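The following pair of complexes shares a single chain, subunit A, combined with subunit B in the former and subunit C in the latter.
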Partner chain A sequence: METVTLTIDGRQVTVEKGKTVLQGAIEHGIKVPYYCYHPGLEIDGSCRVCLVKIEKMPKLQTSCSTLVAEGMVVSTEAPDVVEARASVLEFLLINHPLDCPVCDKGGECPLQDFAYSFGPNESRMEFPRRVFDGEGVKADVDFGPTLMLNRNRCILCTRCVRFMKEVDGDAQINIVDRGYGSEIATFQDEGVHSLISGNLMDVCPVGAITTKDYRFKSRPWDNPEAIDTICTFCERGCNTTAWLRAKPEWAKGALLVRTTPRLNPDVNGYWMCDIGRFDYHWIEGDDRLHRPLVKMEAGLQQPADWREATAKAADRITAAGTGSLRFLISAHASLEELFLIGRLGSALGTPEDGVAISWRAREKPQPADTKFKVPPIDAPNVNGARDMGFPVKASSDGRPDISAFRQQVEQGRVKALFVFDPGPPGSIGDVSWVSQARASGKLALLIVQGALITDLARAADIVLPGASSFEKDATYVNYQGRVQAASRALPAPGDAQEDWQIFVNLGLALGITLGYTDSAHVRADVAAAMSSNAAYAGLADLAFARPVTAQHWLQASNPSERWKWDVMFQDLPPVKFAGRPDPSSIPTVIPLTERD
Partner chain B sequence: MSFHPLMPYGSEGFQKSERTLMARGEPFAFTAERAAKLEDICSKYPPERRKSAVLAALYLVQEQQQYITASAMRHVAEFLRITPAEVEDVATYYVMFFKAPVGKYVLQVCRTLSCALAGAERVTETLSEKLGIGIGETDPSGMFTLLEFECLGACDRAPVVMVNNEHWHEKARPETCAKLVDDLRQRGLSALSGCHLKVEQ
Partner chain C sequence: MEPILTRYIQESNSYTLDFFLKHEGYQGLRKALATQPNDIIEMVKASGLRGRGGAGFPTGMKFQFVDKKTPKPKYIACNADESEPGTFKDHVLMERNPHLLFEGCLIGCWAIGAKMAYIYIRGEFYHVQKVLESELAKAYAQGYAGRNVMGSGWDCDIVIHRGAGAYEAGEETALIESLEGKRAQPRIKPPFPAVQGLYDCPTAVNNVETLCNLPCIMINGAEWFAKLGPEKNGGPKLYCISGHVKKPGVYEASMNTTIKELIFDRAGGIREGHQLKAVIPGGSSVPILLPDQLDIPASFDSVQKAGSMLGSAGMIVMDETTCMVWAAMNLMHFYKHESCGKCTPCREGGDWLWKILARIERGEGQMRDLELLTSISNNIAGKTLCAFGDAEATPPLTTLKHFRGEYEAHIREGRCTVPADWRAKGVAEVAH
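And then the complex of A and B:
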């Protein structure tokens, strides 16, 4: 790597050649504010707030668009820089409404932070602010199926325009009426229609673009717990942060209020898709299983306690013949769960073709040249199941090929079937044939372990309530073959248990001692079993995030802003420009005088 | 793509902005002749910069149907292989593109300093009185639209009136404005003085 050494604020810093002064400053924790710069987007240089003084250059330079050079001497705190920066912020705030108390971005807003740290103490603007569509939240208009737009708050940094052009690949957002009336808009107000539109909320440095899902739901300081985890809704496994709201136990509403992407340059960069971001409501939805269910003689499912349910399940399996139990597993099963199923299966004598892995693959319409492709497979662990020796058969379009297994069930050759489906609704793929086989009597015993009361669970003889991926420490292998950890953010609802626990207890009831008391122990054994595979090297030591309290809301939801909280606003006094810009610093002009 | 049950779109609850949108207009397609002309213009740019022809394309739209509509912008976007939003960005910026129907003759009176000092405001007023329309309006016969324009760069022959984005009338005088309108009705564009540089050549 070729490097360049330059001086910023008297500090010698070494930066990779080709980077900009701003990037160098960020890397070395030197405070330079910015809006239009975003590390995931091309450089624009339109907001002018990152001005710095560079020796031998005639004027102040925008550090975001100036490349580092050997021996460059940069100052970010020279008096004229401080003054110019304050003036730029004064301009940015000319039309920006002071509605922070009702704005969703309030508390994690770069404009708030930088105006506090670098802005002037007061505005000299004497005219009314430019207003689109009314004051306050009246200005919120629809900006597509997922977003709201408040153009009063927009500072025209064009991050959203560039995001759609560069990352999404379909430039749906533009600036219309350029000039004093410049505004962000979509063609004919048709709104943003994209599978990755939620990222526009993240890239927006003000509260102009907000998501309908999170709007008015919570303030950042009301989310006392933020848990770094991964998204398990498709095979990409984007790194995310799950945000939990503070609420008393008796208060209505969900704990999990949003998920935001977390930077991982190798997996998802700064982005995540809308399915992962918005389709989490099932986790605390009405369809969750809270207690085990056992089907009575009359065919009605009754709630039962765990002891009763596991004993009943073991009895029925033993009655059918332990060797006859077959497994249909969703690719949402984690490595730990797959490992335990493998151990149960080998102890019961399940044959090789007695296990099938299923998932859903669906087409996700995106522009052809998008930089962030959402994979078609809606399951996080297809590769994990393959690595662990499960029979993973996929057809050319990504769908699972389980026709042989299905045939066995439909022909009545399977006496007892155990279905494991801990994923979101429908993520196991088409399993209507299982309920049909059970209804027609071709399948004598159906046990379903999962998170939701689905049609399949309604058809089951015994239902065991498990945990979603937000409710357990579990590991998954994404489409790149990368082992990643999903951390426990919430407790499982009601009596529902973490799935490894259910397998251990079921094993005990069947007389098989698996001997685990913690998912970490299971993980250690998975690591030992997979020791020949280099990709699994770090499995046993994988770090699982715990809720970060106290400092948590100091992390902005925008992954590109998160570094700031580590260096910028920690007990540091603001770099304030006190007072008003000095009139003498205005370039002198030739005075107009009357000639004799 | 509305995949979330809590996120209706385009339904009754859909809150539109108060932004003035261009009319959708009749379905639009370039005539074969103009399409060929635009293709020729596009060939002057590198293939990856095909969208540079957007100004030329919008002028061709105006040549064909006098003003820009949403359907026309969509057609231009398809032709240049860009998004309609990018076309709208350009179309809303330039004042030479008319966003509403205009008359056969669009009288654009320069109002910047030189022309203003030479009495451009009087010229506008007289034209407005003669035609019985205000600035930005089209007369009932559909013949004339009156607009004010910023500097046309012909300060030495102020005040200047530009007609239909390309024809010139220099040294316009309030006294002769009424006659100019009548002459335009009778003789068409030949009633204009034309650009003195061209005339002198």
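And then the complex of A and C:
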């Protein structure tokens, strides 16, 4: 890496060549505010709040657009810089509604934060503010199926415009009119229609773009716990943060209030898609399985306890003949779960063609040249299953080819079928033929382990309630072949158990001792089994996040910019900035406090 | 000095190709095509030709900065957006002498290795577009543009593009954006257009009058051109004189001519019975000169030395009936209306300044408003993305500097104390 050394505020700093003064300052914990700059977007140089003084340059320069140069001498604290910066913040605030108390961004808003630390103490504006669509929350107007727009709050940084143009690939947002009358708009007010629209809420530095999903739902300080995890809703495996609301026992509503993307330059950059961001409600929804179910003689499913359900399952499998059990596995099964299924299968003598891996694949409607493509396969671990030697067969359109397996079932050649489906609704692909085979009697025994009461689960003789990927520590291999960890954020509902546990117990009931007491041990054995595959080298040491209780709510703030909060905002509101923080005192990672 | 660029503009058919060809038309281009491009750039440098669009940047240098090693196409973008208040010279050239501009464009293209020149004309210049298009068609038909220019084997196209009517489209990078079909908003510099301009290719953005000077440099030589004016201020110059003079209009003169001569000799002096109060010498964006500051050559360097700028050479002459508070407010109305809105200080500050100026003008101001005006103007000047910010901060700062008393009188008396006869006509009629 070629570097240059420059001086910022009297400090020598070494920065990678090609970076900007602003990036260098941020990396070294030197506070410079910015709005139009976003690390995932191109430079705009329009907000003017990042002005710094550079020796030998007559005018103040925008640090976001000035490349670092050897020997450059920069000041972020010279009196004219302080004044210019304050004046830009004054300009940004003279027409701002300052309705922070009802604004979704309140508490994690760069406009609040920078204005507190760098802005003037009072406003000199004596004229009525500019108003676009109405006053207060009435000014929130529809901005497409997922978003709301409040033009009064907009500071015209054009991050949203550039996101749509540069990342989404369909420039649906632009500014109409000019000067003081400039406003954010879409063609004929149609709003934003994009599969990655939720990122606009993240990039918007104010509460101008908010999501319908999170609207008025919570405050950052009401979400004291955040868990770094990954999204398992498709094979990309975006790195995310799951946010939990502090909620007394008796309060209604979900714990999980939102998921937001977490920077991983190799996987998802700063972004995630709307499926991952918004389609999480099933996790705490009404269709979750809370207790095992066992079908009675009359055909009705009755709740049962685990001992009863597992024993029943083992009895029925034994009656059918252990060697006749077949497995239909969703590609939502984690490495650990696949490993255990493999161990059970070999103990039971399941033949090689007695297992099928299934998933849903659908082409997502996106602009042809989008920079953030959502893959067609709606499952996180197709590659993991393949790596572990499972028969993964896909047709050219990405859909699983399980026709031979299906034929066996439809022709009545399968006596007992075990289906494992821990993913979101429909993500296992078409399994209606299984229910039909059970209904027609072609299939005599159907056991379903999964998270949701689906049509398939309703057709089952025995239903074992498992955990979603938010409820267990588990590992998956994404479309790039990268092994990633999803961390447990919530407990599974009711009596539902983590799936590794269910497999271990089922094994015991069948007289097979798998011998695990937690998922880490399973993982260690997966790592040993896969030791010849370099991609799995770090598997045993993968860190799982625990819910973070932030010491200060800002530390667990907007994750797409959390690196910024981590290094820059240790002393922010309500304490006004006074002098630069001692760099040695700046923690680079959030201290983890384990939740009990 | 005999007029050079505007010599024949009074002739009824001066704009036609036939007329042009009879008066040395395209002879500069003929010479240019027989000269090495680099030698032309050296000639333009030696001539001391400086950009006539406002900044007075040496044109030869600009041509030299164009990256010639890149395999990308290069472009000339002729800035014919002429929207600076008080400026109306380029449109005269285009309407009355369009082939001179085409010839200049072609010489420029040859010099920098471009095969395409865009002439970006102001949205309101519909009539100019008509003239340019019909004359360009003739130039194409007779082999002066397009394929095989003047039998040289060299191809060069000229495209006329009319903007949508925004002052800011005259800023060179905003002009490029607009040419690309986007909003006329400037880009952050660097990269400069000479390196990365139109379609990210090297581009020289040149004012109409600037390009119109290239043919006579080719014909008569750099030395001749340089000697027409003071050092580093060579060549003929067009001045637009407007306001309270007897004969407002476009005057061509050497830059040795003083502002006083231009106003009193060429434009006939101040209208009968009135006295000169102030002059804005370079379009609305530059500081005021007072009557005792006018005995200086109207050159880039002398006007700058006097504390203002020659800018677009739009000289706005005001007599004693002009209320300076009103003048500042009127100009600020223009600027706040024309701000492109891309950057914060100009978008927010311009409108704020206008509101304060209007309040003072209405007689509702307070003394502290004067400090506020100064402070806001200083917070805009030098902090914006493009030079528009400096322009917009100028009217309040320069009027406050020289005519603070008028502001104080407005505030004290609650009304205008300047004997402004135009007030009887009503503001609307006069202002917009």
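In this text, the second predicted complex is superposed on the first by the 561 of 596 C-alpha atoms of A that agree within 3 Å, B and C clash if a C-alpha of one lies under 4 Å from a C-alpha of the other, contacts with A are read in each partner's own complex, and residues count from 1 in each chain.
Quick note on the criterion: a residue touches a chain if its C-beta (ideal position, glycine included) is under 8 Å from a C-beta of that chain, and two chains touch if they have at least 3 such contacts.
Here the structure is a predicted model, which means the values were calculated and not measured.
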| request: Scan A:365 for contacts with subunit B and subunit C and give back first, second, both or neither. | output: first
| said: Once chain A of both complexes is superposed, is A:94 in touch with subunit B (first), subunit C (second), both, or neither? | reply: second
| query | Which holds for A:187: it touches subunit B only (first), subunit C only (second), both, or neither? | reply | first
| Should A:275 be classified as contacting the first partner (subunit B), the second (subunit C), both, or neither? | first
| Contacts of A:342 with subunit B and subunit C, given as first, second, both or neither | neither
| query | When the two structures are overlaid on chain A, which partner does A:384 contact: first (subunit B), second (subunit C), both, or neither? | reply | neither
| message | On the A-aligned overlay, A:124 touches which partner chain: subunit B = first, subunit C = second, or both, or neither? | response | second
| task | In the overlay, answer first, second, both or neither for which of subunit B and subunit C A:205 touches. | result | neither
| Does subunit B (first) or subunit C (second) touch A:179, or do both, or does neither? | both
| request: Kindly list the residues of subunit A that each of subunit B and subunit C touches, one partner per complex. | output: 174-175, 177-179
| message | Residue numbers of subunit B touching subunit A in their complex, please. | response | 1-9, 14-19, 21-22, 24, 70, 73-74, 82-89, 92-93
| List of subunit A residues in touch with subunit C within their complex | 43-49, 51, 59-60, 62, 65, 83-84, 87-88, 90-92, 94-95, 124-125, 127, 155-156, 158, 174-175, 177-182
| message | Give the list of subunit C residues in touch with subunit A in this complex. | response | 166, 168, 183, 188, 336-345, 347-352, 355, 372, 379, 382-385
| Touching residues on subunit A, where the partner in the complex is subunit B | 132-133, 140-142, 144-146, 149, 151, 170-179, 183, 185-189, 191, 193-195, 212-213, 274-275, 278-279, 281, 365
